[in-house]
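By letter and in written order, the chains are A, B and C; residue numbering begins at 1 in each of them.
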Amino acid sequence: MKNTIIAGIDLGTAAIKVVFINEKHELLWMRAVPTMPESVAGAKRLLDEGLAALSIAKDQLSGIAATGYGKRILDYTDMAVDEITALCVGTHNLSQGRARTVINIGGQDTKAVKINASGKIDDFKMNEKCAAGTGRFLEMVSRVLDIPVQQLGDFDTLGEPTIIINNTCTVFAESEIVSLLYKNIDKKNIITAIHRSIARRISEFISNLRVDEDVYLDGGSASNNGLIFALKEELARGINTLAHPQFTSAIGAAIALLKK
Amino acid sequence: MKVFRIRTITQIIFFFILLYGSYIGLRFMNFMPTWACTNPVDYSSACYLLPMQRFQYGLNPYLMYSMPFPGYFIIQGWMAFLIFFLYLIIFIIIFNKLWCGWICPFGTLQDGISFIRKKLKIRETQFSEKTKHSIRPIKYLLIILNFVMPFGFAFGAVAATPIFCRICPVKTLLPPLHGNILNLTIGFPPGVVYSIITCIFAAFILIMIFFRERFFCTICPICAMIHIFHKSSLLQFKKNVGACDSCGNCWRVCPVDIKEVYLEKKKENVIQENCNLCLKCIEACPQKGALSIKYFNKTIFSSSREYLEKIIGRKGKKKNATDNSPRPG
Amino acid sequence: MQPTIVQGPDKKIQERISREIQEEYARKADSLKRREDFRKEFDYFLEVLSLAANPIKFKERFNKPLAGLYCISTPLELFDAFGLHPLRLHCGLLPVHKLSFSFLPSTVCPAIKSCIGQFYADNSLESLCEVMVIANSCYEKTKSLEIVKDRIKNLHVMQMPLDKESEKGQKRWIEEVYELKKKLEKYTGKHFSRKGLLKSIDKYNRAWELFGRLTEMKRSGLISEVWSVILTNAFMLDDVDSWSDKVSGLIDDDKGKKSAQEPKVFLVGSPLFFPYLKIAELIEEVGMSVVADDLCTSERMFAGVVYKDPSEYGLLRAVAERYQLPCQCPIFPDNSYRVKNILETMQKYNIKGVVFHLLKGCHIFDMATYWFERLIKENGFHFIKIETDYSPEDRENIITRLEAFKEMIY
């Protein structure tokens, strides 16, 4: 075989992500679809799509690595990589070894990983069974305010920090937002407050990690300018983003398999 | 062989050697820091404190029964004092307080009295922290009586009988074991008043020893003297604070009720001023290496769960063992 | 006026729940029997544990008045000396939680929910206990007994002094043990005998000796954490002599096996009660092995009784202090020995990481985790806190974290 091609599948709670990389860790193809009831079939379809786009057959693949909640469900993978390791490896590679701390705001989880110089996990935090401060929280906000998730950041930049939302519990925050809407508070200001509350939650969450350098933000929310700004203020650290924030874990899984 | 057995045997052997050894020609003189009163002249060893009280008068301890002129041998006496002091230091360097727990005949006598109490299942009297604290200065007062006061009278012609010996309770309690009951009689030198005081004091001590293990050791001036120099000894009692799980066994089995070892959270060297180095605490400690005794920084005996199991568990013991079986303490 | 007795749920619910309890025990026993490291000697312990679902059989088997205890700090020897069968009531059942919902806030620790739920279940050991003694190490649990006080025949609360290192606290605890002795004399109508207590002390000292062997086996990977928790849990229900006989047989058999090469971790935190073994099972599932723990239902069994004064007071003091001084429950304001011991063991056995298991709702344990984490990390070890409850749905989340933790300590 001429060149090695590895597929990385990230079966997340919000989206299924598939990437193809070569032995130089170059990204060949990537695609994400929202998680659906038949995620096993969905992942397969996405993988086939990628194979077709790269015009190679499945047996020409050197390996398939899976990560995310469904990593053990797929029977055709060569390796199941846990999400934190995948995130760590992916971030280390995508940031050319510069990243020391990465915060991933996923669909159901928030993860913060400290990475050492050799690209291994130094320490990490991951939320327990609670959706506070996760992507699900933002989705709820977008549903209640009727603003697409992608646009939350843009709205925030127009808002002013006039109100404070302390609740990070997704359920309680929802009723708080609704009551604010009844009071005719500007949506933009609500979004600013929401981003600040998430940032507070995250800073509380990583307080024992002792972050002392710039932080990389990863996951679907990494393109949210409002959140980045709020985090910058709250953590008093610079916030960087990676090139393809949604795919970091899938890339990480593929690289982990490549290294093995 | 378990440590408490070796210790008991050692104690009994030394008890007999130091008290009756002279019958087979053993004479150690009085340079050991032990309580063995000189009043019965037949002792193989004599009290260390007696000559220590006399040097300052210029008495040669080797000639102390020949009654020379006070002050005549001042230089010789001072030399002797220094030599005796050197003896003490050498003993401390080599043995630290092992003397107290393993050799001192008066300590053995106290252990014997406690043994009777334990057989009778009479409970030991508990002292509060406050009481223990108020007893503490007594031993230093006795040191003053031993050294500083004779020193003050050095050039005055004070009666030759040392001041401490006049009230010494050991003088009353040990010689009768040797058949010398003179000290129990009123009017025995140095006089009626002192002999009454001594008898009352001795009776008090005897009663206290019965109800509280090794009570005299908590007011013993020799123990305190050794403690002052204990740091120079090669033999050290150490605690590994990390291994301790604060079970308090060391405190509970301690004959002199030392709580500080169990409470210590920082220091390594934990020998306390009342400690007799009987090593019961090391025997009773269930944590490996938490307490140890070191010689030249080499561990010679340290605590371990296995050792404690041998004592209190059923290993090599018949079923339904009762309290007659050996235990530390 | 008669005090109103709080009524439990109706018969139908009762029946369903007792069926669920039986099923849960059976399911757990089955899954444990399918484990690779299952040995036929373990059958005995599983059987004893499953007896908890069959209280009538339990009573028949031990044929002694039962004394229900709620904390390891209640002096077992004393109960044994009075001819009672002491059992530490387990509170690891999930199905009985629903029986407690009408009495307890939902944020309370799952162990308390189980404990209260079991009181209202038809078939429970709680209803058979003649005496119920609780050392108030856990204030929530002590308070929760208020709900069920009409269902308890003889309740006795032992006040645990929080200053266990001071003279005052120690005196107080000895007084508590004397008080317990007096109460037990009243309940049983028997007189306290020194000889009887000595015999009990010997029995429990032997059990302590065997716990030492089990710990050694665990350190060298000869027995997994799951089984060692099960053995200890069985100890809390079983008669001490027959337990000791069975365990000594287990230990004699176990020589010459090779130890595991998996990454070693130290399990710290909230206790595990059969059938709730989630955290221990998950750690083993991701390929790490627990070689040491400080759970009060596993390794934290106090050292055997040592005394110097064989009088009645001396023995009672020794027994009292056995349960007070080494107790490292997080309720104490000064628990520095605990973390020192853990660090010492980790250094000695080359353990790289600490898994802090936390039952959701136990704030006291949770408060300890923060400075604990700091100290463990400062000493160059890894630390992970897993907060969970009896429900199985956070399995995947925990596995993910444990897998990453394994990567980290490798």
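In this text, contacts are C-beta pairs under 8 Å (C-beta built on N, C-alpha and C of every residue); 3 or more make two chains touch, one makes a residue touch a chain.
Keep in mind the model is a prediction, meaning the values are calculated, not measured.
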| item | value |
| --- | --- |
| A-C or B-C - the one linked by more C-beta pairs in contact | B-C |
| Closest chain to global C-alpha mean, per-chain Cα centroids | C |
| Most remote chain, CA-based centroid, reference being chain C | B |
| Inter-centroid spacing, chain B versus chain A (mean Cα positions, whole Å) | 73 |
| Interchain centroid distance [CA atoms averaged], chain B/chain C, Å | 45 |
| Chain centre separation (chain A, chain C; CA means) in Å | 40 |
| Residue ranges of chain C touching chain B (in the complex, touch as defined) | 165, 167, 194-195, 198-199, 202, 205-206, 208-209, 212, 302-314, 317-318, 321-322, 325-326, 328, 336-337, 340-341, 343-344 |
| In the complex, chain C residues that touch chain A | 370, 373-374, 377, 382, 386-388, 393-394, 396-397, 399-401, 403-405, 407-408 |
| Chain C-touching residues of chain B, taken from the complex the two chains share | 118, 121-124, 128-129, 213, 240-249, 252-255, 262-263, 265, 280, 284, 286, 305-306, 308-309, 311-315, 320-323, 327-329 |
| List of chain A residues in touch with chain C within their complex | 69, 82-85, 88, 109, 120-124, 126, 128-129, 208 |
